[in-house]
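Contents: one structure, followed by commentary.
Chain naming follows the written order as A, B, C and D, and within any one chain the residues start at number 1.
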Amino acid sequence: MTEVVATNETILVVGGGISGMTAALEAAETGKNVVLVEKNPAIGGRTSQLYRYFPKLCHPICGLEINLRRLKSNPRIRLLTMAEVTGITGAKGDYTATIRITPRYVNANCTACGDCAKAVGAEIPNPFNYGLNKMKAAYLPNKMAYPMRFVLDKSIIGTPDADKAKAACKYNAIDLDMQEETVQIKAGAVVWATGWQPYDANKIQPYGYDRFKNVITSVEFERLADPHGPTSGKILRPSDGKEAKNVAFIQCAGSRDENHLRHCSRICCMASLKQTNYVEERYGNEGKSTIYYIDIRAIDRFEDFYAKVQANPNVSFIKSKVAKVTQDDASGDVILHGVNTEGYHRYATPHDLCVLAVGMEPSVKGANIPAEILADSSGFIEADPANGAFFGAGCASNALDVNRSVQSATAAALRAIQVVNRVAKAEV
Amino acid sequence: MSNLSSQAAAQYNNNFLKEVEAMVEEGNWVKMCMQCGVCSGSCPTNFQAGWDHPPQEIFMMIRAGKREEVLNSQSMWMCTSCYNCIVRCPRKLPITHIMHGLANYAHRLGLAPKNQPTRHFAKLFWNNCIQTGRVNELKLSLGLYFKDGFKQGIINGLAMKDVALGLLKAKRLNPFELFKAHGCKDQKGIHAMLKKAHEIEERRKAIKTA
Amino acid sequence: MAKKEYAFYPGCSSQRGASASNYLKSVDSMCKTLDIKLTEIPDWNCCSASIGYAEGGELPRHVLNARNFALAEQNLPGQEIVATCAACWLGARETKERLDASSQLMADTNEALKEAGLEYKGESDIRHMVEVLIEDFGYDELKKPVVKSLEGIKFAGYVGCQTNRPFGIVGESFENPMYLDKLVEMVGGEALTGYDQKVTCCGGALAFSEPDKAQAQIKDIVESAYDHGAEMIVTPCPLCQANVEIYQGAINKKYGKKFNIPVMYYSQLMTVAYGGSAKDAGLDGQVIRATRLEEIAAKR
Amino acid sequence: MAVEKKVAAYICQGCGLGERLDTDALVDVVKKEGKIQQVKPHPFLCSSEGVTMIQNDIDNDGVSHIMIGACSRRAKTDAFNFPSVAMSRANLREGVIWIRPDTEEARETTQEMAEDYLRMGCAEIKAMRQPEGNPNTGTSKTLLVVGGGITGMTAALEAAKTGYPVVLVEKSGQLGGWAAKLHMRVPSHEPYKAPVDNGVAGMVSAIEADPNIKVYLNATLAKTSGAPGRFQAEIATESGSTATEDVGAIVQATGFELYDANKLPELGYGASPNVVDQGGLEQLAREAAERGGPILRPSDGQPVKSVVFVQCAGQRDASGTHLAYCSGHCCNTSIKQAMYFKDANADIDTTVLYTDLRTPGNGEDFYRSAQEKGVIFTKGKVASVQPAGNTCKVNFHDLILDDQNASIENADLVVLATGQVPNSGVNIDFKAVEGEEAAAEVEKKTISILNLDYRQGKDVPQLKYGFTDSHFICFPYETRRTGIYTAGPVRRPMDIAQAKEDATGATLKAIQALENAAIGSAAHPRSGDLSYPSVRLEGCTQCKRCTVECPFGAIDEDEKRYPLFNESRCRRCGTCMGACPVRVISFENYSVDTVGSQIKAVSIPDEFSEKPRILVLACENDAYPAMDMAAMNRTETSSFVRVVPVRCLGSVNTIWITDALNSGYDGVMLMGCKHGDEYQCHFVKGSELANYRMSKIDDTLKGFNLETDRVQTYEVAITDIDRVPKLINDFEKRMFEIGMSPFKGF
């Protein structure tokens, strides 16, 4: 049974992405006790799946390493992975959260030596790479994974593979009898930081994500460019592994669209501008990018980045919401059809690869949050007194870039601290 | 103020937009366009000759007060009613209907291009269908061929004779339609009903513009 | 199977001796097999189609459709209206939605209808035959009466515009609707799912007024069918059927092609698969004969 | 209180270490050469038994220093977690067996590698002391907030709500700042349909009602001195007297000014009263509201019938004349202002001329709502505004209709959306260059806001365009002046909603800073680190390198011109330690000695054994993890390399290099983070300084007459999992090419 010590002076942080980690660390480094709940086997969230950040083009896992070091050295944070909050009851200063913990089938003995993976035959799609490649069903979620501990996928439990894994482990780290468990913890305040998910590109029918292999999403493109990714950083298109040197980026894929997401997802323009950089990084002057956009939303000093990309002869901009994408069956190229609205020029342009700058929606939409809270029409948590001591942070609260998510999480940490401080006062 | 500068002054003020909102079917949607251009790219005919302004551009021209250019435009008459623009518009503008509405308005004002074939056909079609309450395909086609006079009509007809013969053989075109046509029984009622409908529509428009 | 009854709105093209008379014929046979009773709306009138806008204007168009609703309510109370023609269905459904949305428009419409001694209460619903088949029966039910397989015939499912947009069939996408392919497979034919012109516009009414523009599009539609190895094209829409079938000769002249591909209605395939004769399926109504279907229909 | 030092060593045999390495030989090395008598091998050290064994030695055997020979210091941290003792870890798994082939021929060199790492671990632990925390602390819990606008007021209220007293200093006569000038503000909560109350009055009265918030109006900071937990603020008040406040941390929320529209004559500003900036429009709107009438045309007081909004006026300017950046809020602000007109009278023509409309998030709803109200958005580039009598003609290029000569005539009012210019005080990094612009720049920025008495300047360093933003995406509050956090538009262009969020975040960081200062603990990114720099002044030569090079302005100079360490400002990066030519600066657990002794501990085979030794000094945050991950991929790497992780390349003291070369190392590789404008060093200048220092090492090498190739500096990113092993292996090749160092065995 998992033991968790928590009181009404504890802050519950839900979600171990950059927002959740930040909220937890900032609160803990201010002397508060935190329970951090992550549904995946490792923390790091979506930013750990990015190759580079805009506008600096630095690497997200660099910041992750710092945050992990902060976490490892901080005794005030209790981390629960493979855990999901299924219910929150109570009120400001006195919440009870129910947490479902699914079995990892690997215990603390694991040294991450990898012998179990060698022993197991079964392969499963690698979620860290959005299923772009496969991995063993006994796996370390990624090279930066914390806890640095393997996982047995439940699909092999009860199969010979599971026994092979168990047999291969010299450290008695594999426990096939692990059961799902449910724990209840107290908390004075809740920071909800479950982040975002890419809008389901299958729903954007004219772009044929469900029909054409070489139409992919912006998050998948991050994995293609990442040395840790399925192609070790080579930008190869899915249909035939050909080097994708002529890449199209379709902005507002799902965003600013009443048939899909009504809001603007804020990050997509900068993300695509950044990704044109990946293309050039790999293929130099042979790497051409075209951005199809409605408005380029490069706010504040991001404008510099936009200006730099605009000045790059290898990148062209077309002010147009692409009407539809077709495929040339012979070459596998994707053809973008539409009209450049600046002066009305019709185009039907072939590209090696088409990247949909998919919109951002809350991973857990307001209505699905297991607590009485107020969310906006897109499902983002509103900052509203009605929510008591339940505070949204990061992309659970708005469509935000990393920088603003961290601000939001830091602010949320303070709001939570205000509550537990009041509880503490009352209790002495 | 000289005529020219008054012309210029009309540019980019909202008068024509307001006119369209009042007088054109679904015209009050024009202001909602955000100029993404997905409609233009989705239109099946807009790459063909004669098509001068795609929908999104028409909407911009309306907002820019370019009354004559819009109402004289061929564009609205190029609409095949395929509804691609409607289903893709991120602002859910009923673009097809706005284009139809503009065509209808330009037609009523007599500003639509003369001899615009679709304009002519649409008129024929309507008259043909309300005459008996049902469309008479033979008269409709003949009417179309003869729009530019008898001689041209024969030429057009001959050009289409294979089509016609094919349909005749397949019993899908009935020569006797010329004499004994399909039709509704209560044609009197239909005519009265439509007359009334036109009255009401005029009444409404009058109120809007008043 | 329980008998199903609907008020039937055939539309101008589906009259005897009109351009879609073969559609009408095959629908009748198909419905007989499926035990669907279609009762024609007495004295129905034209929907004014989508081309009616220029002369017709807004209210008169709605009034025309409302008259059919009113007649249905009056003579066939409680029955849903079923249209086989895409344009009829679309025009009628648009009217219904606009009237439902605007009490003003509804009032005006009824004011006009009174002149014809009618009133529309806003009750009757309007649906397309394909909707009825898929939603009220479903592929499994529709498969049951199949006695002959159309095995080995490759069909390009050409959905076109107006049965697809803006309303379409529930659960289908505007860009890649699959129901024709499913129907084809249901009757044992081979559906060319990769057919990429399935929702391209045939030019609609512009086939009359702007033949060159329309025929340019029809050329793409037919050509792609050939490219994908189709022997026949199947469609749910009378205007699509007519445009794609009857202009092939003209297109051959203009573009030096050798197009000669039959263009069928789904109801014709089903009638044949249900064991109907060539006549029952209106195969004699094809300008380009569907010989292989005729052979199958002839088999006893 | 420092207990008597007792050292113990533990060697793990798990994960193949037992099979791949000769444990007995390792134990011997630790005993004989490491001089640690208490050595315990264990088949599975990170198991609960292993951990219990170690904990027992600590609890019952008085062990105060432990050396663990097992996996990387980044692995099994939950198991090897002994906060009460000093610990060093020899990386035998990722550092040795995972990067070496499991073959007979490789066995010897692999064993040598492992033995060296144990020697190094022993040397390090012996040179370490367990940190006890900076004693030189301050305990003030009061927050100083500079600036009484929305941002400052939010910071003050949030701090008070958290239970911390606040001193708020506002230079003007009342609170509210820019927001108080607004008729209404953009909504930040659904529905995003109409402007909402600016919210200032409520906040002002809340502040006045709060006994924990002390407000100084018409006041500025005459001097700020001290460090987190013990700042002293001298406040010049209007009476001319100076009040002194002891505060623990500072939030600077000094806001912005609108870009001066007088610099935009081509847009008609100044030529007609009917051309206003967004501030001017707010004033007209407020006057109208007070009057209870419509907004009037300034020139003749007639009601406005048509208004044109010119976006990006003097912004996003590539020519370098005006602001290069986008101020972010202006699109929504113009939309809001257009609604002032439409909500009052739908017949007023309101046109927004824009190139890219920027309404992120739910702003899209606000944009849509404006369209519903009839606001017209035209994508166009404005060329000029020509006043004519009581109206203006706005000439622009209509980008959609591709009309170069489009124009709007008879506009009653033209509103220029000019940008935000931060009030950030003195640009302390400003290098005086010729040219009037520069001069103007200096002149404009000489009024200090904080008047810090820091050796490195009066205000906080600026990032770009005068904004004081952090340079780090994942750490927006990673300030370069510990305990001082800036928030709101002074940090980055932003709207009210963001400013409030930013203020709340900055307040938390400020509170955190003063709390950690009170317990003598470091701030981000080494939060929790209790070590602190100490200096042997008797050895100091007053060269000032430490005071100049400290990235965080932590070191001042005392009256005797000696470095004066403000430990609470220090971020423990060790840049000062790297800078010190006489090596008098050190941390308890990280010093010239802890690293130097490791370097010396490595056994150097003689010249003829053809076994070079390559020292790698690697940034512990990027290069070192990259090596770990390469090892997880089992990427084969040279067996001649010995890696020492360092806090930051900035902490590398050149003595380590020269010692290494002296003692016969064949080459030294330094691996740090990217430097330059887009620097990725989390200690800001560390890698840059290292690079600079190493550029000087060549002379030393020539002095030794060694090839300059023997010392190389590399920019390495944490993603370089394939590149780092390659760099090392190539370097090894190079060493063989130029031959072994002649300094071996001296």
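Heads up, the rule we're going with is that contacts are C-beta pairs under 8 Å (C-beta built on N, C-alpha and C of every residue); 3 or more make two chains touch, one makes a residue touch a chain.
Note that the structure is predicted; figures quoted are calculated from it, not measured.
S.K.: Quick one: which chain's Cα centre is the longest way from chain B's?
M.R.: D
S.K.: Averaging the CA atoms per chain, pick out the one whose centre lands closest to the mean of every protein CA shown.
M.R.: So the chain sitting closest to the middle is A.
S.K.: From the C-alpha centre of chain A to that of chain B, how far is it in Å?
M.R.: About 50 Å separates the centre of chain A from that of chain B.
S.K.: I'd like the Å distance between the centres of chain B and chain D, where a centre is the mean of that chain's Cα atoms.
M.R.: For chain B versus chain D, the centre distance works out to 63 Å.
S.K.: Taking the mean of the C-alpha atoms as each chain's centre, how many Å separate chain A from chain D?
M.R.: 23
S.K.: What positions in chain B touch 2 or more of the other chains?
M.R.: 34-35, 56-57, 84, 87-88, 91
S.K.: Which residue numbers or ranges of chain D touch two or more of the other chains?
M.R.: 357, 368, 379, 400
S.K.: Quick one: which residues in chain C touch 2 or more of the other chains?
M.R.: 174
S.K.: For this structure, give each pair of chains that are touching.
M.R.: A-B, A-C, A-D, B-C, B-D
S.K.: Can you name the residues of chain D that touch chain B in the complex?
M.R.: 306, 349, 351, 357, 367-368, 371-372, 374, 376-379, 398, 400-401, 406-410
S.K.: Enumerate the contact residues on chain B facing chain C in the complex.
M.R.: Residues 25, 44-45, 48, 50, 78, 80-84, 86-88, 96, 100-101, 103-104, 107-108, 112, 117-123, 125-127, 129-130, 133-135, 137, 140-141, 144, 159-160, 162-163, 166-167, 169-174, 176-177, 182, 184-186, 189-190, 192-198, 200-201, 204.
S.K.: Mind pulling up the chain A residues that touch chain B in the complex?
M.R.: Per the stated touch rule, the residues are 206, 252, 256-260, 294, 319-324, 337-341, 344, 346.
S.K.: What residues on chain C touch chain A, complex-wise?
M.R.: Checking each residue of chain C against chain A gives 173-176, 194, 196.
S.K.: Which part of chain C faces chain B closely enough to touch in the complex?
M.R.: Touching chain B: residues 12-13, 15-22, 43-46, 48-60, 62-64, 67, 108-109, 111-118, 161-162, 165-166, 174, 200-201, 203-206, 208-210, 213-214, 216-217, 246-247, 249-250, 284-287 of chain C.
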